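Each chain carries a letter (A, B, C and D) given by its place in the written order, and its residues are counted from 1.
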Amino acid sequence: MPTMHPMLEFFLATRKQSEKLCAPLATEDYVVQPIADVSPPKWHLGHTTWFFEEFILKPYVKNYKTYHEDFSFVFNSYYETVGKRVVRADRGNLSRPTVAQIYSYREQVTQAISTLFDAPITEDVAVLLEIGIHHEKQHQELLLTDIKYILGNNPLLPSYDDKIIEYPPDATQTEWISIDEGVYEIGHKGDAFCYDNELGRHKVYLHDFSIRNTLVTNGEFLEFINDGGYERFDLWHAEGWDWVTSNNIKAPNYWHLVADNWQYYTLQGLQPIQLNVPLAHISFYEAFAFAQWKGLRLPTEFEWEVANDKLQWGSRWEWTESAYLPYPNYKKADGALGEYNGKFMVSQKVLRGGSIATPNNHTRHTYRNFFHPQLRWQYTGLRLAK
Amino acid sequence: MPTMHPMLEFFLATRKQSEKLCAPLATEDYVVQPIADVSPPKWHLGHTTWFFEEFILKPYVKNYKTYHEDFSFVFNSYYETVGKRVVRADRGNLSRPTVAQIYSYREQVTQAISTLFDAPITEDVAVLLEIGIHHEKQHQELLLTDIKYILGNNPLLPSYDDKIIEYPPDATQTEWISIDEGVYEIGHKGDAFCYDNELGRHKVYLHDFSIRNTLVTNGEFLEFINDGGYERFDLWHAEGWDWVTSNNIKAPNYWHLVADNWQYYTLQGLQPIQLNVPLAHISFYEAFAFAQWKGLRLPTEFEWEVANDKLQWGSRWEWTESAYLPYPNYKKADGALGEYNGKFMVSQKVLRGGSIATPNNHTRHTYRNFFHPQLRWQYTGLRLAK
Amino acid sequence: MPTMHPMLEFFLATRKQSEKLCAPLATEDYVVQPIADVSPPKWHLGHTTWFFEEFILKPYVKNYKTYHEDFSFVFNSYYETVGKRVVRADRGNLSRPTVAQIYSYREQVTQAISTLFDAPITEDVAVLLEIGIHHEKQHQELLLTDIKYILGNNPLLPSYDDKIIEYPPDATQTEWISIDEGVYEIGHKGDAFCYDNELGRHKVYLHDFSIRNTLVTNGEFLEFINDGGYERFDLWHAEGWDWVTSNNIKAPNYWHLVADNWQYYTLQGLQPIQLNVPLAHISFYEAFAFAQWKGLRLPTEFEWEVANDKLQWGSRWEWTESAYLPYPNYKKADGALGEYNGKFMVSQKVLRGGSIATPNNHTRHTYRNFFHPQLRWQYTGLRLAK
Amino acid sequence: MPTMHPMLEFFLATRKQSEKLCAPLATEDYVVQPIADVSPPKWHLGHTTWFFEEFILKPYVKNYKTYHEDFSFVFNSYYETVGKRVVRADRGNLSRPTVAQIYSYREQVTQAISTLFDAPITEDVAVLLEIGIHHEKQHQELLLTDIKYILGNNPLLPSYDDKIIEYPPDATQTEWISIDEGVYEIGHKGDAFCYDNELGRHKVYLHDFSIRNTLVTNGEFLEFINDGGYERFDLWHAEGWDWVTSNNIKAPNYWHLVADNWQYYTLQGLQPIQLNVPLAHISFYEAFAFAQWKGLRLPTEFEWEVANDKLQWGSRWEWTESAYLPYPNYKKADGALGEYNGKFMVSQKVLRGGSIATPNNHTRHTYRNFFHPQLRWQYTGLRLAK
């Protein structure tokens, strides 16, 4: 029996994993979009498929017959190069294509990509395929966090999966890791896959600093709440304080005060808060205010990268103090794929680490995640530095 | 074989009809809410069911076991008396309860109401039941217009039913009906069912007027468009002109200019405009501007009611010049049902007639429909007077 | 000494009165616009002047030299026929033209109009002049209410005039006036000046009703507040209740709870509430809710007009139940003056009466004032009917 | 004759300079606020005065009698520590206190501060006084840019001062300055005054780079416009492109296309664009897109600081690629003054340089100015790097 091409294996496993994540859903769960940031699960399934069709099948497969001529309009996310698209906030207003049609679309595209491997694949296609697979893995994380948002904001608070563990206990002893002043190298090294925003390995000068090996826990954050952290303007950025007051924020996302006890919505349904597990679902503003309250600070993304092999590798995306900016000599790709990362390099913060929603092997110590500072539907937490 | 109680028969036929209207839908179509005015079909199915449960089963059936304690929160529309409810614009963000659960809910409630007829039903229950049935019939009209909006705003423009006729040709010869000046009686008479807003039969003085027996057609409205009606501010109310310019309105709802030809979305999909059929899907502002352009006017609701037996009884809700106000001696009911009509008697216009979406026998010549002047997702048209 | 032409006398007295109303202002008070509905006093002074220049001097005076070519852009209020204009909400962003320039503009235009009387004036000019004078008188009322808003929303709460009486005590005994059922005539009669919206004298049929000779007082309204009127949704229209909750309304405009005592801002500064004076500064929603709470209702504008000679002629604009609609056979004027009234005949309520801010002889028993139901910076009150 | 204390001299000169900047204004120009970012000139005059009163006179002068107890509410800008304040966007709604009152307030406070020098001043007071003076100098820049906005957005486009030069010709030859890779020191050194955000002198590692000695000119930017720079999404950040399309941006602020020729509003009124002068009034997004179009980039603030002694020291605030973040070991002050800089260190970009509106000696090569990326009412320009 011939061995399967490793990239085809990787591709097929990734395709299957997306579908596995959706297995517990009712058809209705695939459709809704409670806030603009959260896309309907069926949109993720269609969009990741469209990516392969648009960037590989259409340009590289002779006589490829597009599944449906309007799907490009429906499933394009933000690629201006590729043409018009459904306004992001309208994704949840679309009942069609149905879930069944999207699974059929997936099947055609998965099959067509697989067929490419009947002959040796070109370097161009291999590069695009690798990006497409990693792109789908990125969306798997969003798929899970979006599902959590959809179910966790439903008044019935349904469970997604009674076995999933979002809040693993942290058995490690908290320690402060000290790093010496000096010049360090930052950025991706070697030939393995990475995104363009990690490239341009370069030097930075770091001053002496210490960083905690463990993440901040629910219990620590509860002390901040109980000490009035959400009422003390002096701990917050001005725009963070506006965010707190105009949204009446009193706790991390998914926390509910039920009869004077804090509970939180998890993918297993509503549960009492566990104290010794890493905090999740906070904004950058909350991370910053907590650090201020402690008399400490957040690490920069460079400090984090240098120290990372000594850290308890966590289960949260960790807000850093760093703004999301290009590395020296950053070059964006030509054409539509140049829109992947570069055009977001303003007004966002870098997060490092990875989370329990991150697919296997999808993150690395040079990986740069980024979000606007007020967002908290991802598994976002924090680590302290000084 | 015992005959079925006529009210039970009426009840069961009505329940069945709501479900029949939804038969062509995919599960996904039941879920979405593209604009706040349009509710998800599954919400209509649940809400009409909740109405029977809340106002009849809970108070009148001893030991009645509520289907689900949270459904009152989900399916209450606007009854402040009954408690908190999902914000209207959030109905489309709810994937649960699922469609299947709602059909099961319907079944339990339909069954429980049917069981009431095992014994003679009381007068109180009979009154509430009649309201509940008419309430569900009202929602059947919304169900169809909401479905049209959901499908007609989907980029795939799917068909709902290939046999449905929304634009019946008008075979009648246009004539002007003249009515003499004098005192006329207005309002509901007799014991048959009507809503509280039709009661308080009273006298009004009408001056000589004429009213057209036929509705305005697509062809007539096309002349208005071609004559620049949407660009001439002098034809419009000030707030109508604001509406036109800030929403960039160029035609009735569902009209599309495709390669310089006007087409419209119908429940059979996109089709060329038919000229000799009654116009639909216009706002009050458009009705008024059209009449201004003709040098004519809209009838008042009183003129309409007096002349109605001589009118081609149309297939459109007809905008009138009248504001929706209480009749002399209007009395609203006590409790939650007092919220049915009275609290909307400000800032809305009266529509008379009925439409192809109106259930059988659901309208009457004294029936007062009402909407805000900018809305046009109903089958709204117009008739001229002078 | 030759007698002055009565219309010139009327014109000059009106021009002088506008300036007298502004005499107590600081230059800065002329400039600001705290909300879109409130125009800067200097804008009123300029706009009423522009009206004479645009509609009389430019078309009828040969070789008339416009004061400044850009003033038409600055001082046009809403006449689309006349061309582009400053967006209403931007009036308060304009520091230029200065107050001194506007007084100089007024002087040139007043002088040029006066010069017209050196020869006999034509009928056309006489008609326009009469409209222009009444137009300026209308703006005098707005001038005073806008000044009250500007000063009354300043944290320093300055006094405008220590002698002005806004809340005259009502010495009359409250009585209910009964009017018999029958056909009545409504609308302006005779040759004296009136607006186009009062014309088209016509018959209406009124049923038996009673109407109170006195206005509702502060003291009566305080009972409504103390009885929780602002917390009882069942008393309110649905959109009124939205208005109360989203604006957190607890009392009429200008009322302040100071150390548990109700005070109100008057043009003499902050003062304790007087109980036996007519209530002012309420919205239609509040008027309606108060009447509901009393188990009574507001009169229609027709009831008011028929009963008016038996009423304590009040010091408030009285909200009626009537919507602002055209009378039968209403004809709007050609050209720009056709925009004066007709284009506002949707979504507004009629107010009858007049107020302490209404200039002498400016109102009549057929006068139809109109505002959107949520507005309350005018001297708006209410009268009960049943 | 005794010499005046140098700090008193500095104080008095600064106070006088603010008033000199306002000398050409009409009273009305002091009052308006066309957008939230632009404060009324009278507010600047009052706020800078309040700063001295609040932080020096009240705490350090025994029996000091506050000028007016409500002025703290009116003139506090953003110091949460000090109490409630007028909402920023409402500053232009306040006609009182009048301009004359504010000048009288200034006089009292200037006098009271001067009197402090009758005795030796303490170190505490000296520190606060220095901050207060620099604070007023900062507001002098805003005063001029706000005046430009107020006059430049008035339809009459009045001139402020016929002699002022905003666009000095750049006589320098353009050259590229090359800087070698290595570790450099960044931040303020020495004892002279600086803001807290410049402190914490520290090392950074810079890679080889080149930076242009001259600023980008109007002429160069015109080529970008003519080449369709505002229509090419690939040159822009995603949020920059949103800004361009939703605000319909076609050129820098104050540029007007008059009969197919570009003109711009200057403080001398409308003038033809000069090509050989430094560009002004652009957003960060425009700076970035221009650099992309050139195939170059913006410098970081560190590159700028290292190279600055070789640069044509310009007349514009220069957008850098750097986000506004704290330096290592940044410590914010205790109490209200801790709110001066630190709480803005998120979502803003650093600008370096200084502008023709910057007061004498108010900027330095370590000075860090910061604004949100879309703002352009300051004299903002750009310099290229590679």
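One rule holds for everything that comes next: a contact is a pair of C-beta atoms (placed from the backbone, for glycine too) under 8 Å apart; a residue touches a chain by one contact, two chains touch by 3 or more.
Keep in mind that what you see is a predicted model, and the values were worked out from it rather than measured.
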| message | Which chains sit in contact with both members of the pair chain A and chain D? | response | none
| Computed distance of Cα centres, chain D from chain B, in Å | 58
| Whole-Å distance, chain C centre to chain D centre, using C-alpha means? | 45
| Distance from chain C to chain B - Cα centre to Cα centre, in angstrom | 37
| note | Multi-chain contacts in chain A, i.e. residues touching at least two other chains, fall at none
| message | Thinking of each chain as a vertex joined to the chains it touches, would you call that graph a line, ring, star, complete, or other? | response | ring
| remark: Pairwise, the chains that touch are A-B, A-D, B-C, C-D
| chain A-facing residues of chain B, complex | 26-34, 42, 70, 73-74, 86, 90, 92-99, 150-151, 153-156, 158
| said: Quick check: in the complex, which residue numbers of chain A touch chain D? | reply: 78, 80-81, 183, 202-205, 207, 209, 233-234, 236-241, 284-285, 288, 321-323, 325-326, 328-329, 338-339, 343-347, 349, 373
